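Here subunit A shows up in two complexes: once beside subunit B, once beside subunit C.
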Partner chain A sequence: MDDRIRDVLDQHGRLGVDVGKLDDRADLYEAGLTSHASVNVMLGLEDAFDIEFPERLLRKSTFASVDSIRSALAELSVQ
Partner chain B sequence: MTAPVLRSEPSVVDLASEISAQVVAPAAGAVDQEARFPREAFDAIAADGLLSAFVPRAQGGRGASITELVAVTEQLAKSCSSTAMVYAMHQIQVACLVRHGRSPALRQLTHELVDHQLLFASATTEIGIGGDVRTSTCAVESDGTHFSLAKNAPVISYGAYADAIFATARRDPDAQPNDQVLVACRKDSLTLEPTSVWNTLGFRGTCSPGFMLAASGDAGLILDDPYGDISAQTMLPVSHILWSSVWLGMAGAAVDTARKFVRNAARSRPGTTPPGATRLAELMCLYQQFEETVHSAATRYDAIRDDVDALSSMNFAIGMNTLKVGSSNVVVDIISRAMLIVGISGYREDSEFSLGRVLRDAHGAALMVNNDRIIANTAQLLLVAKD
Partner chain C sequence: MGLVSNVRTAVRVGVDVMAVGEVQRSIDAFGDRYLTRVFTEHELACTAGDDATRARGLAARFAAKEATLKVLHTQDAQPDWRSIEVRRTAGGWCEIKLSGRAADLAHQQAISDLDVSMSHEGSTAVAVVVAACAEQRGSEL
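Up next, the complex of A and B:
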């Protein structure tokens, strides 16, 4: 799952740093994730994992790190 | 601890209403013509302590809600759009300071705001960022004790008259463009080099030319929360609500003018319904919707002002975006309809029913943070937001 999350971040996150070298807990917003790019990341994740983020997960904090994205996906029962 | 409310203390809205009629209205024409800062208005506003209205009572302010600030702003806008917009923009910075400033230096600034009725401006746009205020090129340089900052700002409203300018910048020279902070640049260690003049169609009294800003000071003047959070929870929603209240007041002034005109016409020919009366009735429907929209947005904000999750939600962001776009369009519509009712008397510059100034001002609404940018942002949010 981590690799696929990082793939989505690499494709849509437009980060200012190498996604592969980011710590799981590194703050993605500090790494350059804009609110515009974060919407594309959400869309990319919804497509990659065939899920829909419910409103309660559409928070800045949900997409703050690889870790927090993983927790959100786990909450949606993604293996 | 909350200070007791004195029974004789007039409400902030009553104070604003009085100032609007007695001080703001008589100067509004000259402020517009000369494109000058509404000094007399702000002397009166300061004398009544209204610049610190939003500061909690425990810290010496009036503890006003956003709903009350909306009413104050609306009152001022009925007489002078520029005065009301300057007041709104100041309160937006006060809200950021009160809600996101915890350091001793920022608490000190709040004390001085209360005691000396300081005026706060902001520098959020920057040359070279394409109008996206959520990115910066300039960066704060700080050794942890002192900071310095240089920013090329295309617009700083009433910058030359402000006691502090709240500027956005990257957190440090290595930070990404969106990793921003908000820093209070105090007048005593601030230089402003004008780079343009402010000669515009409307809102002429906001005196908003470009400046090269160079500031330094106590590193504690950097607001404690990241600008991303300040923007989502305070600056953006409070801006859109208070700007909308300026436009609501302007629309209200035009509606009042139309009502007065129709009443006069009715009086001169009793028994005959004046031609503008039906149009006025239609206009009232639109104005009432506008009023409800702005007031309910303020109520919504006050209800969730301490709920970070609700403030950070996508649906709230969409709601605040649509408020701004809707309000900035409807203000032009309402004033234009009022002009049709009043006719040539509204078009004349020398009549008591003149609507020229407020119509010119109204056309600025869609441009201050361009509606096209906000619509594009909303369209993007709608791709993932659920109902």
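Up next, the complex of A and C:
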């Protein structure tokens, strides 16, 4: 799952750092993730995992790190 | 000497800039899914035109939504982007209309009036939002 999360971040996150070298708990907003880019990351994750994020998960903290994204996907029963 | 609570009107200001190219990139990548998750039917109708016209108009509106979030002091909350709507009035100027969670946040903070100004030049769009906010204050007699 982590590789696909990082692929989405690499493709849509517009981060100023190498996604492959980011720690799982690194703050993506500090790494350059903007609000607008987080929309693209959300849409990219929905495509990659064939899900739709419910409103309760649409919080800044959901997309704050690889760890938090993994937790949100687990909540949506993504393996 | 005692405390008497009164209400004063405070002003909050939010500003945001948006790269027009980022909006176009999102449209290219996600098409209608991006457009309909972020913008309302009214906003899409107001920005109809060729690709460049649409991207400029939507970038300015996204900046207005983000500037509004700053005014609302949202912290971790992320209201549906469509719950912050830029409405074009009959007179030609634009206003902010809130609904859903964004309206709840405004109500909780006694924000009564929002005003917006947007502009774009070349590859960049910008928006400023000003809000009137009633604040409870204690004053000594």
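Keep in mind that, in the parts below, the second predicted complex is superposed on the first by the 79 of 79 C-alpha atoms of A that agree within 3 Å, B and C clash if a C-alpha of one lies under 4 Å from a C-alpha of the other, contacts with A are read in each partner's own complex, and residues count from 1 in each chain.
Everything below uses one rule, namely that a residue touches a chain if its C-beta (ideal position, glycine included) is under 8 Å from a C-beta of that chain, and two chains touch if they have at least 3 such contacts.
Small disclaimer: the values here were computed from a predicted structure and weren't measured.
In the superposition on chain A, A:55 contacts both subunit B and subunit C. In the superposed pair of complexes, A:74 makes contact with neither subunit B nor subunit C. When the two structures are aligned on the shared chain, A:30 is found in touch with subunit B, with no touch to subunit C.
In the superposed model, A:16 lies in contact with subunit B only, and not with subunit C.
Of the two partners subunit B and subunit C, more residues of subunit A are touched by B. Judged by the touch definition given at the top, the superposed model places A:39 against both subunit B and subunit C. The interface of subunit A with subunit B overlaps its interface with subunit C at residues 35-36, 39, 43, 55, 58-61. Residue ranges on subunit A touching subunit C, taken from their complex, read 12, 14, 35-37, 39-40, 43-44, 55, 58-61. Within the complex formed with subunit A, the residues of subunit C that make contact are 18, 22-23, 25-26, 29-30, 33-34, 37-38, 62, 66, 69, 75-78, 80-81. The touching residues of subunit B, when paired with subunit A in their complex, are 134-135, 175-179, 226, 228-229, 232, 309, 312-315, 377, 380-381, 383-387.
Against subunit B, the residues of subunit A that register as touching in their complex are 15-16, 29-36, 39, 42-43, 46, 52-55, 58-61.
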